[in-house]
Amino acid sequence: MDKCIACGLCAEKCPKKVDDLYNENLIKRKAAYVEYAQAVPLKYAIDKDNCIYFKKGKCRACEKFCPTDAINLEEKEEELSIHAGAIILAPGFTAFDPSEYLTYKYAKHPNVVTSFEFERILSATGPFQGHLVRPSDHKEPKKIAWLQCIGSRDINQCDTGYCSSVCCMYAIKEAVVAKEHAGSDLDCAIFFMDMRTHGKDFDRYYDDAKEKNGVRFIRSRVPTIESVEGSDELIIPYVNENGDISEESFDMVVLSVGLKTSPELIALAEKLGIDLTEGKLCQTASFHPVSTSKEGIYVCGAFAGPKDIPQSVIEASSAAAKAGACLSVSRNTMTREKKVPEEKNVTGDRPRIGVFVCQCGINIGGVVDVPGVRDYAESLPFVEYVTDNLFSCSTDTQDIMAQVIKENNLNRIVVAACTPKTHEPLFQETLISVGLNKYLFEMTNIRNQDSWVHKDEPDMATQKAKDLVRMAVAKVALVEPLVEPELDVDERALVIGGGISGMASAKSLSDQGYNVDIVERSAQLGGMALNLFRTWKGEDIQKNLSELIESIETDSNIKIHLDTELSSVEGFVGNFKTTLNSNGKQEVVEHGIAVIATGANESRPDEYLYGEDSRVVTHLELDQMFMNNDPSLKDIKTAVFIQCVGSREPDRPYCSKVCCTHSIESALYLKELNPNMNIYVLYRDIRTYGEREYIYRKARLAGIMFIRFSVDEKPKVSKDNDVLKIELWDPILEETVVIKADLLALASAIVSYKDEKLAQFFKVPLNEDGFFVEKHAKLGPSEFATDGVFLCGMAHYPKPIDESIAQALAASSRAVTLLAKKTIHVGGTVAEVNPLFCSSCGVCVSICPYSAPSFIEEGPFTGRAEVNPVLCKGCGLCVASCRSGALNLKGFGEGQLMAMINQI
Amino acid sequence: MTLKLFAKEQWLTTLEGLKESYKIFVPVRDGDFHTFMPLDEGKKPDFDYPNTRLSPKSLIYPQSERIFEYSLDESAPDAHILKETEKDYSPRAIVGIRPCDAHAFKIVELNFDSPEYKDPWWVQRYESTVLIGLGCNDPVSTCFCTSVGGGPFDEDGLDVILYDLGESYLAKGLTDKGEDFLAKAKGRTKADDASIKRAEELAKSASDKISVNVPVDRLKDKVINELFAASFWEEVAFSCINCGTCTYLCPTCWCFDIQDEVIGKEGDRIKNWDSCMFPLFTLHGSGHNPRDNKFQRVRQRFMHKLKYYVDKYDNGVQCSGCGRCVRYCPVNIDIREVCKLMNSYRSD
Amino acid sequence: MVTYTDEIRKTAKKLLEDKTVDVFIGYKKGTVPMMNEPVLVSDADKADTLYWDSFCGLNLCNYLTKRTDRIGILATGCNSRNIVTHIIENQIKRDQLYIVGIPCTGMIDHRAVLRAVKEREILEVTENGDSFTVKGNDFNETFDKKEYLQANCKTCTHRNPVEYDEVIGTPFEEQEVSEAYRDVEKIKGMASDKKWDFFTQMISNCIRCYACRNACPLCYCPTCFVDESGPQWVGKSIDPTDTMTFHILRAYHCAGRCTDCGACERACPVGIPVRQFTRKLNKDVFDLFKWEAGLSLDERPPLDVYRPDDYNDFIR
Amino acid sequence: MPDEVMGSVLVVGGGIAGMQSALDLADSGYYVYLLEKGPSIGGSMAKLDKTFPTNDCAM
Amino acid sequence: MTDWEPKITTFLCNWCSYGAADLAGVSRLQYPPDFRVIRVPCSGRVSPKFILAAFRHGSDGVWVSG
């Protein structure tokens, strides 16, 4: 495998074509293959199940043509035994196979595709290069339908009773992207039961899809798809919202298939002895969201319940935190560190440039005249050495390169090859290995951006390669060695917020061996959870909560600050200095990282007679009644729940996520107290995602009535002679119903604290709803773009206890990756100020998203700007914005870029 | 010394006739201002003008002049060799130049054409140019040529002087170059005594119209260091915004800078006007700037014109009294006032 | 106008006498007609040199940067907006300043007056309320001031000072201006080659004296980009490309910061309407961000700041 | 089997969750075995075209 | 006009467009060879001066993408 240089010759020569699983079998690939172009590792593999040699014992074409002898067909399967301190299961899911539903004709009709197939069709690397066509005749479709809940929420045709949680969003996304590809004329219709867009910014996306992109949403469970004789079209018959049967024809139908656990995985679980749920998913507890039933084995991702990418990423980090907690005594016992020679000082030396031009087999050499480029490079100023290599990235070439650099005393290197995005680090390693600063290097891309894209114009491609080399040489002559300053990390942590998230995060940090200060603004730990009764899994929240509080209070690594708020924050990653204020008493704590876990609050409704009639209560008030064993509960004859009170409305367009489940759980508890109670849940969409769907079903079976309303026609609550009357239109009965209620529970929205002061302290952003904005919606859900500051719980977005705890653990895991290093290296590509040129205008200070520039406070340059290299991300925004030319971006200096421009 | 008369209605024809022998520059109205342009550029000459906005110094000493060219193309046989850029030194005539501006060339000549050093481009162009002056019948309020050794009909530096007699011009040849020009001019008649008499009267009355008297008599006696350290400079400089208007409009400002410009592989060495008003003017390669602030630069400009030049050349002040800097300074810094301050300065 | 002058002198004298300020920045009467000179008065006895009329076109804000003393300064609408810009750009501290506001009736375009008298020499100009009288050797003409205002004053909607400690005179109602950007729209409507010709022609007389830049209070950088040598962005010769580069970049540096005070255009010795560049950007910044420079001490110009929640999708 | 706690973790699955776990653990000072049945890591996410709600490229 | 090849200077953000240009290569999409790419750490790094400089050095078009 080390020898493979991913030239692709084996695949080219392989005579065997097989279905391409990566592209959902929509096209063919070879038996010698790489899964996809950006695959990591980028090494070709032999598909043993299909390879002619393995089947029939002859062929070996790949072996013959491989230029680096990387193919070993005699390699035998080996059994390895691994000793590990913990196991994390992240096995993912398999998509539901809709062939089981005969009425949907998936197996028969090419234009009925699964949502995963549709992803490939949309992809630029997919079977049709991102051109949206239907499989039957490769014509552009004009109308596409999505059918939701295929293999989800269905115990009739398949036994998947749970909701797959992600399909509503991915269907909307596919519809929106499809319209982006094909133009707004494309008609996209999504057939659904409940629209479950409960995640952060999901409802906005849904609203935009409806209003801005014109995606049609049709609330209907479609029973069958009809094909039309002699045509590639498909007919969908359905019952519309008025109860009438209608039908519509489409060019393509996408089945939004659910997420399932594969049979092998069920077998593995059995082997490992871990418990599964009713839905064959890994069993976990709300207060221990990534722990399996077996100690030392942790779980994350879709195996622990269907979920989207950010939630998977959160759980992945949580699992790492849990594993880290049980192994913390052995931290750094098995990892290794690299040894590097001392760096040579080349400052002030005349540039001695070495240019290495890569053939990349035939990838570059087949189009570009590589020897010509090499000889041309020799004519350029300061170039002392040139050569061309068949494969510059191969290990032996790297050794030769190191040798050449030493022998010729080169101090600047240019490699003209593939893309620096993948290979720059490799060549920089070679520079480091001979004691050259890694920034004395420039890579120019004559493969991805030249030979591969101009293969029919070899002369022009060669000229382009020469130009690119000339530009790179011009730049590299001006580059300077850059230092990556090392910075000590204060190994203490500050957690802001003493609710479930804050405590879980603090506990996890302590378990991993770190000291934590936890700050709570109120007089006791516990936060919002103090008001909650029971989780949807039936767990007693107060019992679990008091255990958690006790574990915090007895933890010697954790110092608790109650009645305390922050009054100022100074410093940056690794070295924060925060002043705490407790009733006027100031205390300074120093810490390396901070976790923001400030939670959110329940809004106070201003409708439905709330506050005017004592029978109208919010969820938290209802839970309080449950916890107090309020005797009046038993006397209730009719209880009504109204959902989305203050959520998903124009002023607050997000979903509060927890309320549907909470209402149903509360309704079920009321039924437990009094099975004869009449209970109505008035809702807009029931969003019991994942296995929460089971309690929705349970509630329906228990006789709880669910009546849907729309935001334009909300229920009317009135008081008539002390009778609490609720009126609304029932779309099923098609008439107005009047309910006389003894209890009206309002699912009031969860609202943020809009903590602008805290946001300012740590230079982190808030979104328009007042929740904190994470670093990256997908890949950085529990941290901020500001280094050293982490995020969890409802401060991020409304979420239930299990997700809050998972995110708390994730935040601590991400924090530990910093704390464990003890020192951090800062990138060399940072901005610096020449104070002589600075005009103190402050543009850099205000424009920097990372708050790296600030004003110098004393000395001869008082009032001028300086850049803190630790905070600087090297984007260069300040540099381009500086009117005075006082700023420079190391590694992308004005002179260096101008030198490139001059050589165009 | 020839005296000739040219009827105004024939004047343009006369000039057209001279185009064979000279490239002719004449004052032309351009928007709100007058400027010298070649006669053949389609715009009508306008000799009834106070003065041009920009001085005609750029005709001898262009704002930007490519002096050498070179190639950095290693494959070219003459790579890195400076080649003089071809320049046009064919005879030219500036017709209608005011006496102050012609006088200015004489002031500047000391710098560009000295026994120790000659600027070949300035000298060649000056020598190939014949200056046909036009006396000022109506000097304006900012004129002070009479204070600095000139006058509205001063002949110093001119090759021919014209007197505007209303219907006709009386032309007086002053040098060989000028005589030659007149000899080639068609449509001339011999000047009659009445015309000559009228011309003399005109010159006298014009001089009388200049009421401003800028005293320069004691500048030479001042001690340089005392004047340099005078307390009024900060006040004089306060309003200055350090633009280059005064120096670029001035007919006697001669400072230049040499720059190399390379585009691709082709390089030019260019001589550009520079201005002591700009911070870059004195910036050293080290980053140090001996005239780092505004008042130092303002002081330099006046000290150079009114003291250093005076002491060095013994040729009066480096100012021809044209008044352009007074008229166009955006903040009304008035050299006449500064000169008074300097001339009367006493260190106590 | 006479009342303004008297009031200014009185106020300056008082401020200097009671040591509210160390210096007072205003104008004194110029040595040539239609031209006043900015002046710094530090002695209460010299307050009488201060003067005010409709030819106080140079922006006094230029004289604030890098001062460390306490300063009294006159401020019309646009000048006060420049002071605000200076404060938020850290060029001066608000508590150093005592701003004496002047509700401005607009500055007279001296070039227009010259044209009106057919370029004859003007020896004296006297103002009388809404009109002014121009005297020369053999003429004497009276004009309506409104007709001869500088172009920027004609379309000004901030004549009253926006930030001040005291106002001289009485603030009046701001004028309603319709089609303030008619000229910009006209250029916008041109075909691109016509547009290029227009701008090329417009700057063809430029002598690169940088009077426009230096008259502008926004240009306070210690080293202007045109003076930088490593790399040298702009050539030193009068190559049209370099000249155009200078003008375009200068305008960009002023985007969102320009108060359209007109100092640049007034200072230009060759009469280039350089505001054509800055106005286009003023309009764009207004259209895109509803922003006018120098109206708020709390907010920076839109192009100076980064907002993760920028309303424009492209930036996210 | 050694007695002391091993400083290593086995991560089963090379999709987005497995990769994130592995990265966190490696960065925290533990040796990681990342197990993937296919020839390359990336899992389901690598097959996606774009991701909601930002429409970022999944690659 | 047919022989004329424009010269287009391209500033590509390292984190998005540069990767996209790589992907175009991986996908073997063919396009005219008139682009010369300058990799920048962020399109925010591109000063208007670079754009003007590129034109000055003979570019017929400048493309900033990020």
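The first chain written gets the first letter, and so on, giving A, B, C, D and E; residue counts start at 1 in each chain.
To be clear about the criterion, a residue touches a chain if its C-beta (ideal position, glycine included) is under 8 Å from a C-beta of that chain, and two chains touch if they have at least 3 such contacts.
Since the structure is predicted, the reported quantities are computational estimates derived from the model, not experimental observations.
**Q** Considering only C-beta pairs in contact, identify the chain pair with the most of them.
**A** Greatest count of contact pairs is found between chains A-D.
**Q** Could you find the chain whose CA centre sits the greatest distance from that of subunit D?
**A** It is B.
**Q** In terms of CA centroid distance, which chain is the most far removed from subunit A?
**A** B
**Q** How far is the middle of subunit D from the middle of subunit E, if each middle is the mean of its Cα atoms, in Å?
**A** 35
**Q** Approximately how many whole Å separate the CA-defined centres of subunit C and subunit D?
**A** Spacing between the chain centres: roughly 61 Å.
**Q** Take the average of all CA coordinates in subunit A, do the same for subunit C, and state the distance between these two points in whole angstrom.
**A** It comes to 51 Å between the two C-alpha centres.
**Q** In whole angstrom, how far does the Cα centroid of subunit A sit from the Cα centroid of subunit E?
**A** 30
**Q** Residues of subunit B touching 2+ other chains?
**A** Where subunit B is concerned, no single residue meets two or more other chains.
**Q** Specify, in ascending order, the residues of subunit A that touch 2 or more different other chains.
**A** Counting only residues that touch two or more other chains, subunit A contributes 38, 124-125, 836, 877, 894, 898.
**Q** Using the touch definition from the top, which residues of subunit C touch two or more other chains?
**A** Residues 223, 225 of subunit C touch two or more partner chains.
**Q** Once bound in the complex, which stretches of subunit C touch subunit B?
**A** 30-32, 35-40, 58, 62-63, 111, 114-115, 119, 121, 123, 205, 207-211, 213-215, 223, 227, 235-239, 263, 266-267, 269-271
**Q** Taking the complex as given, what residues does subunit B use to touch subunit C?
**A** 30-33, 50, 53-54, 63-64, 66, 140-142, 235, 238-239, 241-245, 247-249, 257, 259, 261, 270, 272, 275, 278-280, 326-328, 330-334, 336-337
**Q** Spell out the residues on subunit E that touch subunit B in their complex, using ranges where they run on.
**A** 56-58
**Q** In the complex of these two chains, what residues of subunit E are touching subunit A?
**A** 5, 7, 9, 14, 18-19, 21-33, 35-42, 44-50, 53-54, 57-59
**Q** Which residues, counting only subunit E, touch subunit C once they are in their complex?
**A** 48-49, 52-53, 56
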